[in-house]
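As structure tokens, the structure follows; a few thoughts come after it.
Labels A, B and C are assigned to the chains in the order they are written; within every chain, residues are numbered from 1.
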């Protein structure tokens, strides 16, 4: 059973990647491709939240702010310093990681709901800082005209990143990398540690595991990836406003992740796909989004707290055995 | 000199509002170990309800006040029954997430019904009182006395009535309370009712004083939680003390440093406390 | 002297849970700590392992002062423990439970995810896990989910987790709590196996059979104080010990 299951899993995985690669050909209408790209960006944010929340059990409400830091730092580096995407992107992601350190050191000492609240507080502080550093961030009006990546190695390969296709593929590329990082993290020893901390932190300490250090590592990795999703957003949309760093973004990511399945890898892509497509179908306007997502969250926790993947996957496994 | 007293009064008024919200939070967290993150938006909802019933529909303002507090209490009952009780046997995190969901639903509804702009609720009694060169509007005086009255009533309920004593017993040892025959479900409903009603009182008192807008619930929520951490988890008196300390820190840093720094200053205080005394000032278990 | 507690005091608000206790654990021995409920036994363990801060007093491990050290550091130093209320990872398999105990000695940071191969790790883990699983007699249950096992096996898993850390001193807090008398002999064998590996053991217990068979020395606590200490034979004849445990009536009866 073991080997057969594995190759079936590989099959699904490769199939999934193929679909994602061929998607632009199927969705030849620009709007649909745009939706798919946005879904991928949110999926990366969900993957990042999954690492600190799904794996390690600490619910961070600061991820909107980390997303915003990534986007804003990239925006500032690419517009004011005219830095290339490929240089500005990692710097911005690391900036988000540094913010993660600053947030994590005081917050991770707290357990449970107090960690949640403190991260929410930090998110509010981040937005306040962004609004007030108006010379750098454009204040309430934000920054415009943020460039995407320019042609890569024009002498060797002439890729024009201006088309919808290439923008999609670029973000797909990062999505696959982040998925791989999340997968590796979960499977390696550190992933086992995270799961153990999630279940019983004191028991981990009694065994000699430095849980604070591990929680920090989880949070920093999570922050870097959240920042990365912000960079991709900024370079794709071309514009950053303070609302893009709001805790509402973090809430949305939480909703999507819950829909998909907290702790699962697939959940991070299934969740945003379903929710974003549904909100398009139901013509949910921006004002109604909070209500829509909030209702979904409440109903889900009551009836299906493990999300779609969380409930469906065990059923599939049972069938095979 | 007068300046300082003016600021002190402002801080007391602010502290009263935080105190109401924080007491409600402590009640529910102490007993159910459920952090009701939606508490801030219930306070906000109460303010909007006053706006709707009092300003738009024009009902008698006293009736509006009483009705709003009662409706908020009822709302607390509903979310306990429909949202928190069904998940009481599932992992604690589910409670966190559902509370966030409720928070979002309230905000979402308000934004759709009223829009995102700032509303104004007119005070019942216009006019000020002056003494020793300090002016305070009657409305603000009302906040202070109203809060004092409500907190005294709360104290009486918790210390002198069977219900209150059952609540306290439950917060200390739930299993024991059950075995002694306390109707845990009924008590939990009561706790939630009181908790959200307290937030409702905060909302009705604050509405005429400051603007009413969708995000108004967040800072009090955070500050109330900070007050609880500061005062020591589960301790009502700690929550009250913490609320006033936060209020004073906020008002004085806003005045003497700057408005932005004030937000950060409050969290700065909170973070300092956490770094040096994770169990809060009044101690107690986490 | 492996572990020494000097004048340990622990106050909780107005209550003194531990009142100037002096205790030493000699290398290689099996020390028993007995006493009625609420006498401060588990609190003492919590103080020794850094789960609770001491109000005053010193704890010396191998001559070094470890008072106030964080619990994970103490775990690293070679002091393992179990908890009175069985604490294990209920959602994981038995084998994964044991593996957690092995992790602190292996490279387990996020960076290592990127830089290290997993084959070698897996092999090492497997070997050590198998070793521990054999000692606690749960090798056949390796892949079972720990939460599905009965209480006695769960207690064994808890011991296994501590064993996996390769401890020098193992503190066992009521390892047979809630276990019926027939199953106790299995646990006695396991603890003997642990002792035979050279691990010093300190045991909190209520069951007389356990204490008599295993312990070379016993300490009796009551109301947070040490009442008496000595060999099992001495303790069972000691009036104060009996009075503490069973009440005044028994002393006069057995005279």
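Convention: a contact is a pair of C-beta atoms (placed from the backbone, for glycine too) under 8 Å apart; a residue touches a chain by one contact, two chains touch by 3 or more.
Source: prediction; values computed, not measured.
By number of C-beta pairs in contact, chains A-B lead all other pairings. Taking each chain's centre as the mean of its C-alpha atoms, the one that lies farthest from the centre of chain A is C. For the pair chain A and chain C, the distance between mean C-alpha positions equals 42 Å. Distance between chain A and chain B, defined via averaged C-alpha coordinates, is recorded as 33 Å.
Shared interface positions of chain A, defined as residues touching 2 or more other chains, are absent. In chain C, no position touches at least two other chains. Within chain B, not a single residue touches two or more of the remaining chains. Residue ranges on chain A touching chain B, taken from their complex, read 57, 59, 61, 106, 109-114, 116-118, 120-122, 124-125, 128, 132, 251, 254-255, 258, 287-298, 300-302, 305. Put simply, chain B touches chain A in their complex at residues 29, 35, 37, 82-83, 86-87, 90, 92-94, 96-98, 100-109, 111-112, 116, 218-219, 221-222, 225-226, 229, 260, 263-264, 267, 270-271, 274-275, 278, 286.
Chain C meets chain A in the complex at residues 49, 51, 70-73, 75-76, 80-81, 83, 87-92, 96, 99-101, 103-104, 106-110, 112-114, 116, 118, 121, 161-162, 164-165. Touching chain C in their complex are the following residues of chain A: 184-185, 187-193, 195-196, 199-200, 202-211, 213-214, 217-218, 220-221.
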